[in-house]
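Multiple structures follow.
After this come two complexes, each holding subunit A, first together with subunit B and then together with subunit C.
Then we have the complex of A and B:
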């Protein structure tokens, strides 16, 4: 056990391991790139849906149940399915990561929108705001903390799951896990897992910090 | 605009509202709310007051009938435009929690495109108008007390200086002391601003205090009576209205009706500089009114106390029972009160300058009271 830990420490800190096209730095960059792109695209799809449902109240059933759907979705299954349909490319990876991120963003956006007091929205209309003005000036700012939480949860989930890129022989930190498994190299598997976990925790903390700074005035 | 002059009278013509679930919230309402006055809508819960109010700024659309504002159908303008010209205050204020107090107040001016600087300057001005300290402007609504939030709500409604103000139980969520304070402020503001105000409340005392006109609603969305408070108290249309006005209806009426037009009779009096002999000569009964040099009542002198005093000694310095001078703007109730508490059994009347004009006895006041109903 102690042995394994010291090997892991050596693996993680060796400068040779970090450098080069197969090095940790490169894999980390790839991993961040896949995750970032997937989260952004998911947000571009999910935010309008969540905002629309929250603003109009239409389709609430969808917003509530999609999160259960997201949890039940077998990611590796989706990758395999899209992989079979589209051939060897990053597309199946992106499709499944995006599909994974959308529900949590929709659900949190919707939750943020319906948590706004009816009186507040009523006042916005009564003051003479149009639907869009009320959305931009009142509803989105008020829902923002929960919208940010949704993005944060999505980002963390995507980072943990982006290891599957390696499953269809692409890069990212998953490489170490899949390669390590194939080579029965436990140190490498563990190293990859620690890096993924570290990245997820770091991003989570950064986004939580951003949230706190942005909404420090809110004591609702 | 009509004839170049802003007319802000609100008129309902056979207006009904039936919600999709079958509830009739307002039933065939025809009424006029006078320009520059406060109309109070009262009635028990669920009788359609809020719905009536919200049909004016089209937050609710009537299912039948028309509503006109200054002669124009409210449907003539796009709803958002219409609402920017009508102040709207709701219970709990409905302030925007993510905006500072100043930005909350500047909402409508900003929507009207005044520009940030001008809108904020106006908002700062309104803080003072509604009696809030200038530093409240930088705070967020949740950093204010309930009463202060209501003031911000009123300021926000007044920001673009709309001729019409709709207020839905604006003081319903604050304690009675603060409520009385806010009512006073509204009366003070209204004396200056002369807005056409429609005010919803559950509280009949608030209605009597604030209303130039009171409309009483009954469950099912019927308006039972709409009249000035004194007329309502004096001649309730039916038992429902009488019941709603409460058992102290007579007392409320007395506190509302003034002494204007109530006759008085001359009263024998002496100046406070007079001698005891002069006082003896002027006395008609046991109590003699002493008048101070400025013409106001100084007090009642017990002529029994003059016995044995030398005629040349002064009246000044003798014990007097208090006498309060009542102006024409004072209420019948305060006059009746004075006839009971003064030893002479009459109320002293004074003119606008406070100079004694005469006295009125209980019989005359009672006659006036009877003439009301």
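Then we have the complex of A and C:
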């Protein structure tokens, strides 16, 4: 055990391991790129859906159940299915990561929107705001902390799952886990796992910090 | 599902406590009904174990059917785990008989072994096996690694042997499981023995849906598959021959406790080994992997149809 830990420390700190096209720096960059792109695209799809059903109260049952279904999809299954349909490209990876991130963003956005008291929305209308004005100036600002929490959860989930890019021959930190398993190199597997966990925790802390700064005036 | 997982499974941390349990003798396999020596039937009772993939289970049930046909009392313990679990279980006497693969078994016993043809492997196995264990003569059936191209690529690039790959160095894309990048039966051996180098290596799965899908769509040109994979015949893919014996033979051998290797057992298994060819075995694999039938049913029907179950 001690041996393994010292090997792990050596692996993580050797400069040779960090450099080059298969080095940690490059893999980390790829991992961040896959995760960032997937989360952004998922947000572009999920935020309008969540805002719409939260604002209008229409289609909530449908949207929440569909996205719940999305949560239950096994990511590796989605990757394999899309791979067989679309061939060897990053498409299967992005499709499955986006599918993974959408549900949590939709449900959190919706939860944030319906938590706004009806009186507040009434008051906005009473002041002469249109529906759209009420949405932008009253509802979104009030729902923002929960929406941000959804994005944060999605980002962390995507980062920890983006290892599957390696399953279909691409890079990212999953490369170390898949190659290490195949080559029975436990140090490499552990190193990859530690890096993924470290990245997920770091991003979570950064987004938590952003939340605190953005909503520092809130009582809650 | 395939032979490689058999070995790789040992890596899973979860397996370690089980390994410890096996070598410690306090094993969960020891149910009263099958405890060695407890059966009154004595020599005519035999316990067959199998590894955790479907082909090995089919083979275990085939062994069971022919031995039952020969009048023995047979218990099958399917799906026990990887080689790192089943071989120690055999040494402990938890099981008596196990379907094995020549090349992989030898590499398990001696990672530095270089024998590659069937006869040499058989000799080396006999020498390297621990006291009390023996291999019986191999079956005609073989489940080996095989480098495969589509019919179209074979015609386009003039590929029929692995040596032909070197004519197109830097042009073809190779697909296989991640370990192919660093091991002898993979990029390393192909370069060393045949001088073949590829444009790119795509790390996919071991004869699974990904690498076969990529071969079919042309995303990879050469794929590492298993010779019993039913999709090879189905798609008319071409298996490149191996004139320089890079890939060790993987014919199927019964690995048995010497005390159980009576003439009756040897004769029954020899009959099965003659009847079972690679093609027949791929058909059985397909019934289980593609049609989702039960390994024991598939084995029973096959041995009955071939008049082997008595």
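Keep in mind that, in the parts below, the second predicted complex is superposed on the first by the 213 of 220 C-alpha atoms of A that agree within 3 Å, B and C clash if a C-alpha of one lies under 4 Å from a C-alpha of the other, contacts with A are read in each partner's own complex, and residues count from 1 in each chain.
We adopt the following convention: contacts are C-beta pairs under 8 Å (C-beta built on N, C-alpha and C of every residue); 3 or more make two chains touch, one makes a residue touch a chain.
Just so it is clear, the model here is predicted, and its values are computed rather than measured.
With both structures placed on the common chain, the touch criterion links A:160 to neither subunit B nor subunit C.
Judged by the touch definition given at the top, the superposed model places A:33 against neither subunit B nor subunit C. In the superposition on chain A, contact is made by A:182 with subunit C only, not with subunit B.
When the two complexes are overlaid on their common chain A, residue A:91 makes contact with neither subunit B nor subunit C.
Once chain A of one complex is fitted onto chain A of the other, the partner contacts of A:17 are absent, as it touches neither subunit B nor subunit C.
By the touch criterion stated above, subunit A contacts subunit C in their complex at residues 80, 83-84, 87-88, 166-169, 175, 178-179, 181-184, 186. Within the complex formed with subunit A, the residues of subunit C that make contact are 8, 10-11, 175, 177-179, 181-183, 202-205, 209-210, 213-214, 217, 219-220.
Interface residues of subunit B facing subunit A in the complex, by the touch rule stated above, are 57, 59, 80-85, 88, 90-92, 94-98, 107-108, 111, 140, 142, 156.
By the touch criterion stated above, subunit A contacts subunit B in their complex at residues 117, 119-120, 122-130, 133, 138, 141-142, 217-220.
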